[in-house]
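Here is the structure we will look at, set down as structure tokens.
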Amino acid sequence: MIRAGVVGATGYAGAELVRLLSGHPGAQVAAVGSRSSAGKPLSEIYPAYYRLCDKVCGPEDEVIAKSDVVFAALPSGLSQELAAKCREAGKAFVDMGADFRLKREEDYQTWYKGKFVFPDLHEEAVYGLPELFRGKIRGGKLVANPGCYATAVPLALAPALEAGLASSEGIVADCASGVTGSGRKPTQNTHFAELNESMTAYKAGCHRHTPEMEQTLRAVTGKDVSLTFVPHLLPVSRGILATCYARLAPGATMEQVRAAYEARYGKEFFIRLLPEGRAADIKNVRLSNFCDISLHLDRRTGTLIAVSALDNMVKGAAGQAVQNMNLMFGLEETAGLTAMPPAF
Amino acid sequence: MIRAGVVGATGYAGAELVRLLSGHPGAQVAAVGSRSSAGKPLSEIYPAYYRLCDKVCGPEDEVIAKSDVVFAALPSGLSQELAAKCREAGKAFVDMGADFRLKREEDYQTWYKGKFVFPDLHEEAVYGLPELFRGKIRGGKLVANPGCYATAVPLALAPALEAGLASSEGIVADCASGVTGSGRKPTQNTHFAELNESMTAYKAGCHRHTPEMEQTLRAVTGKDVSLTFVPHLLPVSRGILATCYARLAPGATMEQVRAAYEARYGKEFFIRLLPEGRAADIKNVRLSNFCDISLHLDRRTGTLIAVSALDNMVKGAAGQAVQNMNLMFGLEETAGLTAMPPAF
Amino acid sequence: MIRAGVVGATGYAGAELVRLLSGHPGAQVAAVGSRSSAGKPLSEIYPAYYRLCDKVCGPEDEVIAKSDVVFAALPSGLSQELAAKCREAGKAFVDMGADFRLKREEDYQTWYKGKFVFPDLHEEAVYGLPELFRGKIRGGKLVANPGCYATAVPLALAPALEAGLASSEGIVADCASGVTGSGRKPTQNTHFAELNESMTAYKAGCHRHTPEMEQTLRAVTGKDVSLTFVPHLLPVSRGILATCYARLAPGATMEQVRAAYEARYGKEFFIRLLPEGRAADIKNVRLSNFCDISLHLDRRTGTLIAVSALDNMVKGAAGQAVQNMNLMFGLEETAGLTAMPPAF
Amino acid sequence: MIRAGVVGATGYAGAELVRLLSGHPGAQVAAVGSRSSAGKPLSEIYPAYYRLCDKVCGPEDEVIAKSDVVFAALPSGLSQELAAKCREAGKAFVDMGADFRLKREEDYQTWYKGKFVFPDLHEEAVYGLPELFRGKIRGGKLVANPGCYATAVPLALAPALEAGLASSEGIVADCASGVTGSGRKPTQNTHFAELNESMTAYKAGCHRHTPEMEQTLRAVTGKDVSLTFVPHLLPVSRGILATCYARLAPGATMEQVRAAYEARYGKEFFIRLLPEGRAADIKNVRLSNFCDISLHLDRRTGTLIAVSALDNMVKGAAGQAVQNMNLMFGLEETAGLTAMPPAF
């Protein structure tokens, strides 16, 4: 059994990771860490876990010592030092935060106002989007788990762009996320009475996942891709829906587009390309590691509309982290991630 | 007091109209009509109205006879004959359905599979979007009340396009609507357990409000405008959020854009152009006739992001119908529509 | 026009009061006060009010000076001094908090851990539940606005107990409230992701509204009434549903019970006794000052089940406060409170 | 592997059973049946199951033939004949409907207007509430799976009544259920726009689960128990919260009560007796087979308040059915039911 440690276990992503690992056939939660709730059992924070995970939150160093792999669910900027400690201790590391996602330090400086403290760690870090970069993740020791939107949008667009069937200019990624994406800390705009019956855009055109999406699509296509990304906050708990718009290339047909997606994703367990006539819905992937994708065409304007749906806490965070762990340790890639999404 | 009749009063738009008219200082509900609930008091369908509107649903002819103005909230295709009857009886008519919205019969045929039964009525019909076509509505006898999305999107885009500050090509209108937009009839996808925690696109690139939006923007700009429109269904009761993307014209600045919106809408009571830094939210316009608009810029791609929010049942249906009635009868345009939206 | 001032205007009850007063034909908001948001326009806190109530929050003394009547929406314990200031300034005062609700100081000490600072003010204070104590409120200068649960439960039970048709022992009041009842301040258990899809009891058997309910029922029946009260928190924004259980008196019939309710409430505008076969629903009273009541019988156990529904922010707070103001100033009791509840 | 067949697989309880069985280590879904959707893959009805359970719905006889155990999720009255067929074919049978729950035919006639078609089958049928009647279920061939409310209420009350610590008269069971309890068929009152922001009581004092609860408590205590039961419909998808009120017996203390619950449930995996100070919440048991119970005291009236929370689709239906299957076939009782409930 792989011993897994979770630093930042009391945040939503950390707690979800504990839930997923608890059902994993080849791994187990060895230790949980939290600064804010040190000394408290995790089930005091999350009563749903009562008697199922009553482990007490301890300090980071203890988590590292007890684990073969350390997952970090920390605010931006706090993972670099932890990654260094893990490397020193010879432990695998999966960062669920943003510290190791951007490969170009100037991007990190621009968008996160931070710098690369240990450049060699950044060199070593692998970007953990398995469906696009599986080969690099296998056997890796330091994996940067992608952002939630930065998983949904590139998965929706990659096959069309890679095959040259859609223009890499003028792309619009209009996304909506459930509220768990903004974390466990109560705020005014996530107070039930304020979010209920609400929908609004935020960080329109300036969200930090933008350069991450562009980096991924650049890696896939081999050329610069720019897109306009606007996220919205939804009154639901879980889920990201990404509605992506790209102009079809001259002469390209939807048959070709569909074939490109089937070629790319046909054997992927976690990507479900929906039959024509269906549309991806966040409801259908809840609590699962699936990413559903549906393809639509606006014939009048020649626009490809690719819609992806995933659970921001699973494929957008903890589930993908487990998928990455499976690849890092040579386990079955789907291990611990095969539970059916509930129908309602 | 203007005597108002509502045909199709048991549908959501009809019922909302009854609510708005009940607080109107210069009009009153004279009669309500419904085929499906003939002989029943409206409050039996809507217990919220118990003792407040217990009027019994009667036949269309009775509604016409008792009214100075007839509002029709009927499925597509059923309003033309009713409009003819109203003209014959000398009664003003506001159609909340789609029969008179499109001016070109070929568009109507393409999108609604119907034809213009009384061409002269279509000639006479005025498109009732007051902020853009107020002059034509004043004194009109037959008004086509716009579709909900077809109100939200043109209001968000008109000033920028009219002033030539944004490109009329490659526009994307990504919208989301509360479930009342799909009516009162229970269906599988609006069943609570299915819609709850869900979000999905529908009729991507082929929704019937598309030609209506383009018609409005063509009228405003004097040239063809094409856009890609994708609506989504939200797990909320009311509201439409329209996130519209248009490329800024070469050399255009956000200062110019903002100035154009202020010039267009500065004196409009029902349009609230939000200060910089705020984003339009459906929550803030619920149960009111306001349309909030916020403007954002994606500097990296030179894309204007104009977001509008309105209540699909009020500014997107019954409220705008009352606004049109006020104009038709020479009342204060805001009469009956000044209630503050609730804060929560 | 009566000039109304609202101290604590940025809380939910205060903000709702501003909304209701804005549509009042005989009163207007003269000033708003808030310590936490001093110097900010109210519409900065509540963007729904943008351009409709942009008044700036000022200090208490300024509110008193500008007003004929002062409404206080303050945490427990802060209203007594404010009431004294108002009396000194000759201004009417409506306390929406709990300071003046309990007539017996020992009850106040037991349940609120406070004391009566100005005993004569408590002597003077009138309990503002108009349907039961209208006569005392008329012309009053200091009114204690009832608690939300303490409005719903006594209204549901009073006629049966008063008429001796149900036992005053062994009563159970099982209630559920929307989240606005717990205020605007974000907390962990009102964070959207935690409250969504949740329902739980709180303060079971020990909520502060218990002695208030008993005091009211004692006043109505002339004898001691004890009840077991358990509130629950619901994932909805507004509304209280009170399901009250009382054993029918020997020989009492539902016909007698129904007759007693009709005698008591038949002429009350704000109480809607529902026809047999319907059940009170919080949805049907939202945003209105109505209290719907339905009566049911468990024949097998001889138990009367009286269910009341009201909007905790309106009949349970701000609406009832306006109703009290109307009585205090000799206005029509329903002034400003006649808007129909929305059907959806 | 036990081959399990599900008749009525397209209803909510049937679909949930398919989900649970898909993760069961010792059983698998061998066949699914549905009259309304015959010939369609289950995943066409529930797109969440796409590629995970694409089995095609077949006729009952085929389901019986392919299975070792048949689960029936059918409307009242349709299970008796199916049970007879299963007995004839030598297959185990778990009825998730109501046909075999009531042991006294007169009760069945009174509450369900039906009769016992095969009296010996009713003789043989075992009531499948494992925590109270485990011994009888082990090795059984025909199990009546309890109603959802009829699981929640007896589990909340049994230990106190069994130990004589609370009165068996004057009990009130006030319950609230998520909407999946009323099934998949869309109706007006479960239409999203009607149920959202709503709460109402239904079948107050006359719900069919009442005699079932009394039967269970009679079996546990050995004497007649009568209770008043009122269910409410909640705007959430899953969950039942049962708030039960019973007068403490003279001299009884909460320490004794708590001890009785610990003695009864201390070793039960699926019952979590919560620590003092916590309250049972439907959120914490979602998607799991747990039943959380919290105990509270109203000291003033000497009333025990026992609150239980369970997922109406799992412990209230499909999960308990699997638990019963495990007992019937001699598997580990918790097999397939150990997944942690999600924290959010």
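We just call them A, B, C and D in the order they show up, numbering each chain from 1.
Criterion: contacts are C-beta pairs under 8 Å (C-beta built on N, C-alpha and C of every residue); 3 or more make two chains touch, one makes a residue touch a chain.
The shown structure was predicted, so the numbers you read here are calculated from the model rather than taken from an experiment.
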Exercise. Please indicate which chain is farthest from chain C, where distance is taken between mean Cα coordinates of the chains.
Key: A
Practice problem: Any chance you could check whether C-D or B-D wins on number of contacting C-beta pairs? | Solution: C-D
Quiz prompt | Interchain centroid distance [CA atoms averaged], chain B/chain C, Å | solution = 37
Quiz item: Just how far, in Å, is the C-alpha centre of chain D from the one of chain B?
Solution: 46
Quiz prompt | chain C and chain D, separation of their C-alpha mean positions in angstrom | solution = 38
Exercise. Provide the list of chain D residues touching at least two other chains, using ranges where the numbers run on.
Key: 12, 178, 180, 193, 196-197, 235-238, 281, 283, 286, 344
Self-check item: Residue ranges of chain D touching chain B (in the complex, touch as defined)
Solution: 12, 178-180, 184, 186-188, 190-193, 195-197, 235-237
Self-check item: Touching residues on chain B, where the partner in the complex is chain C
Solution: 12, 15-16, 19, 22-23, 46-53, 180, 197, 237-238, 272, 274, 278, 281, 283-287, 292, 313, 338-344
Quiz prompt | Of all residues in chain C, those that touch chain D in their complex | solution = 170, 172, 174, 176, 178, 193-194, 196-202, 204-206, 210, 226-230, 232, 234-239, 241, 243, 245, 247, 279-283, 286, 294, 296-301, 303, 305, 307, 309, 344
